[in-house]
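Naming follows writing order (A, B and C), and every chain is counted from residue 1.
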Amino acid sequence: MGAFLVRRLAGMLVTMFIISTLVFIITNVVPGSPAALILGEDRTPDQVEALNRELGLDRSVPVRYVQWLGDLVTGDFGTSYYNDNSVASVIAGRLEPTLMLTFTSALLAVAIGIPLGIIAAVYQGTRLDYASMVVALMGAALPNFWLGLLLILLFSLYWSVFPAAGYASIFDDPGDTWRYLVLPAITLGASHAGVIARMARANLLEVMGADYLRTARSKGLRERSVVLGHALRNSMIPTFGVVGVALALMIGGSIVTEAVFAIPGVGRLLIESVLRRDFPMIQGVILLIALLVALVNLAVDIVYALLDPRVRYA
Amino acid sequence: MPPLRRSWRLAWLSRPVNMIGFGFFFLVVAAGLLAPLIAPYDPGLIAIRERLQPPSLSSGHLLGTDHLGRDIFSRMLYGARVSVIVGASVVILSSLIGIVIGLFGGYSRRFGNLLMRIIDGVMAFPEIVFALALIAALGSSLTNVIIALTFVYIPRVARVVHACTLALRNQEFVLAAEALGGKSFRVVFRHILPNTLGPVVVQGTFIFAYAVISEASLTFLGVGLPPGTASWGVILAEGRNYLLDAPWITTFPGLAIFLLVLNLNILGDGLRDLLDPRSRKLL
Amino acid sequence: MTKRFPAIGQILGASILSVSAIGGAAFAQSELNVAMKSQPPTLDLHVTSTNTVRNVGAHINEGLFTFDENFQPKPMLAESVARSDDGLTYEITIRQGVPFHNGDELMAEDVVASLDRWMQRSSFGRTLARYVESLEASGDHSVTMTLNEPASFVVTALTTWRAGPFIYPAEVIEAAGEERITDPVGTGPFRFVEWNEGQDIILERFDDYAAVDAPASGYAGKREAMVDRLRFVFVPELSVRRIGVESGDFDMALDVDPDSFDQYQDNPDVVSFLGAPRMTTLIPNKAEGVMANPALRTALQAAVCVEDVLPVYGGETFWRADPSITWQETAWWSDAGSELYNVCDPERAQSLAGEAGYDNQQIRLAVSSDDESKFSVAQVLQQQLQMAGFNVELEVRDAAAHEATLDSKEAWDLAISEHTYRTHPILHSHLQATWTGWWESEERDRLVGEFLVASEEEAHEIWDKIHALYFKDVVVIKIGDYFEHHIAADEVEGYANMPEPFFWNVSLSE
């Protein structure tokens, strides 16, 4: 297990280095002037030049890359072009909403998806199966920004149940946090709930066809206990993998959701930074997302290994 | 691909679910192709004094007009064309490249493993972040959205083909062909490739659906198709400021995307039953 | 309910904004939530004219002068100003006993440090700097500015509101050095508390605030923080800003769509405000490319029909056709040269274009995809000009790429600008040859030189000449004026609806 972890962590470092280099190259060849955006409509050429000097944009791309990498090794992620704050502190400040949103959405997706999948599998071929799968498909097919806007219309404007936008930190205002998270979590969770439901159904059906269950049935166990006692546990292992993948994808999906609900998370930070050509910030956020995704995958692999004794760390 | 008897196909199509899925997809493709013939207006024609008209049968604007007085029905028809172009291009391009990578990855012992490791790495990365970075670099246009989404979906196809290739390469008929002195690439193209096509078609259907949603999401974020284009994503993105005053602008493209993606998923499930009954797990 | 901007003169007498709310300050921990589209890049008021910066920062920092409701300069941190007879020396006396948020008293050295920096960093400051020989503290509370030639606009320049000469403590200026100010300390009625990146900026009442002893008028006169906390929330989605006000999450939302106006007329819970007029112009690139040909610019000018463009700003309440590039509401309004405005004659345009040697060359109209209304204007103009025989192509980029394009002479031919009006013509950035579109003109330089040193009456005459030159040279093609639309919950009282929104003297009822 120890060697497995070391190998995986080393792989993670290599992947992150490749991603960060790619991102650096991509962002720095993009046309656009961060200085012009900061200075506004009345800027003069020498103001732009002075700000470019302040930002270090007068140096060549390779020089900037070496400097950035050097800083990175010492733990310095750089300074935002746009508002002059440290990248690390800005990202740290915006991490909580994204993590909370992703976590809540994943929880919601599992809480809806897995029961739906089980019902469909147990009642395979009946109308209930059919209805569950249509619901799952619909969840997966709704464009989530549209769903978000519709939810705001219904729950914020017409019924005034939940706030339309924003976020309350769990450290300042734990009682309010969940109110801000409900609509975004539904928006982000819906599509993944659909995928998880379909996955859970497929896996359960596969397991239910297995020999040992036929044995269990022939021993006279009731179908209900066959499903709950044997099939369910074994079918959950591959389903769990899907939850891991969904969690990783949600980190990306949160960009759209955060934009709709004005949630100050890293997803919105990324899109804002792209539009502002805030290169140090883009690099920081992408690096963070890569790290989160890698960690989620690592966690999934570890749990997989713990659940399924057949997996070897070869 | 195992030969299918005619009655099988008929039976497949006669299942109402498959018929609906296939029918709606066909309808969208037809609307896109025939848009210039059906559309009552030029989709870009601005009539500023007729802006924000609600849908009505009598005014000549069946689905109303947008903030510049453009006819939404006409824009929806042309939008179907854009969705089909984006979806089809992404599916075809990512399939072609993905098949090559997948076959190579599965057949070449030396580089195959490394290649698939990289593919796994890319696939783990959230696709929208990936597309966002690419489009930021390339600039927003129809071609660039297609290029970015193609890159995003290549790994999906490559993975499926890779899995098939691994399963097939030790099958008797492949080993026999190799024993008879068949050149590697001949064996691959003659014996392995045809057997991977079924799963690729199934995957392609889902990729089509994802591409339609991704295009709309990227456009919504301001990095997809340029505003002004007649596409469902653009109509939605431009209409969102009028959500409260002119809800019809966002309703129709939202519904259209929803229905198209829903039906593509149904179609994909149906095709999987038909072409690739073993791999239900590859969602 | 609606408040129109032009009615600001009567605003204090208007029913909803009546003074009856004075008792409102008695409540504990009142908070005013203002939703705006995006967060400012900085709170350094000197370096940028971006309006998000000013909307927030103007509550924290104050200048020496500011405008009253009739757009006349009035002292703010200054007590008085005296001009020598030769017009070369200005002695500015500063109010005594004005504390900064850090507890220090405002001194002459703070003013000198702030103005020095402003004259280096701000584009308006630099216009003034060309005339300034020296600036120094002549006492603890007085500053002397010496000019190298007489200039009539010194006080006006010091009253600038965008990228204006706001006063910071000298040590804050020194600490910033060549960088942006990160420690926003000022003398304003609100003091900076925290900036939650991407979410909000929170200010709170500055208890030791030293208000001017004069009735409130426009930005001038007595300022009072009537709420304990002032919170600016960043909400990118327009519909969400509106829903937030309707559902009570926000008290005000800035910059919402004009088309919602009619709906709020029947809604007793929400008050509509028409903001200040802004002007929309089509800017030709006068330095390089097809539009560098003045005859072709004149042809293009003749093709524009503004009444077919302006409805992109909503109902007729929200726009007006106006030839002037100075504000209709100020004394500087001019219609000199306006026979070339809104000609709307495609045939004439075509024949003029033929004479100018136009042979269907492509004309690149550069536009940013991030700005909905500019983009709409561009689309409508493209169609209009195409129908008049001009081969106009839209080149759409996101804001950062678009702004970079505008800085490059060979990259574009036409662009759209939505410009705030300036209270004084000299503050218009159009007048500088370095501004977007590069208007090089010796005649303009000569006239502006005369204008700056002229007496009041002469200045108006000279301004008319400059104004006519705008049309003759086709510096910009004026499209018209439009109004921004802000909304407030009906609990909000005392909002003065000046061109640039501010929230001192604003209270919440109940």
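Assume a residue touches a chain if its C-beta (ideal position, glycine included) is under 8 Å from a C-beta of that chain, and two chains touch if they have at least 3 such contacts.
Please read these numbers as outputs of a predicted model, since none were measured by experiment.
Novice: Averaging each chain's C-alpha atoms to get its centre, pick out the one most distant from chain A.
Specialist: Computed centres place C farthest from chain A.
Novice: Looking at contacts between chains, which pair has the highest count of C-beta pairs?
Specialist: Answer by contact count: the chains A-C.
Novice: Taking every chain's C-alpha mean, which one sits closest to the mean of all protein C-alpha atoms?
Specialist: Here the chain at the core of the arrangement is A.
Novice: Rounded to a whole Å, what is the gap between the Cα centroids of chain B and chain C?
Specialist: 46
Novice: Report, in whole Å, the distance between the mean C-alpha point of chain A and the mean C-alpha point of chain C.
Specialist: That gives a centre separation of 40 Å.
Novice: So what's the Cα centroid distance for chain A and chain B, whole Å?
Specialist: One centre to the other, that is 22 Å.
Novice: I need the residues of chain C touching at least two other chains; which ones are they?
Specialist: Within chain C, the residues that touch at least two other chains are 237, 239, 243, 370, 397-398, 401.
Novice: In chain A, which residues are in touch with two or more of the other chains?
Specialist: Residues 30-31, 149, 153, 157, 259, 275 of chain A each touch two or more of the other chains.
Novice: Residues touching two or more other chains, restricted to chain B: which are they?
Specialist: In chain B, the residues touching two or more other chains are 139, 222-223, 240, 243-244.
Novice: Which residues of chain C touch chain A in their complex?
Specialist: Result: residues 38, 40-42, 47-51, 53, 121, 123-124, 126, 162-163, 178-180, 182, 196-199, 233-237, 239-241, 243-244, 246-249, 370, 397-401, 403-407, 417, 419, 429, 432, 434-436 of chain C touch chain A.
Novice: In the complex formed with chain B, which residues of chain A make contact?
Specialist: Per the stated touch rule, the residues are 15, 18-19, 23, 26-27, 29-31, 137-138, 140-146, 149-150, 153, 157, 195, 198-199, 202-203, 205-206, 238, 242, 248-249, 251-253, 255-256, 259, 270-271, 274-275, 282, 286, 289-290, 293-294, 297.
Novice: Of all residues in chain C, which touch chain B in the complex?
Specialist: 237-239, 242-243, 257, 259-260, 263, 308-309, 311-312, 369-370, 372, 375-376, 379-380, 383, 394, 396-398, 401
Novice: Which residues of chain B touch chain C in the complex?
Specialist: My answer: residues 44-46, 48-49, 51-52, 67-68, 139-140, 222-223, 226-228, 238, 240-246.
Novice: For the complex, which residues does chain A have touching chain C?
Specialist: For chain A paired with chain C, touching residues are 30-34, 36-45, 47-48, 50-51, 54, 82-85, 90, 93-94, 149, 152-153, 156-157, 160, 163-167, 259-262, 264-265, 268-269, 272, 275-277.
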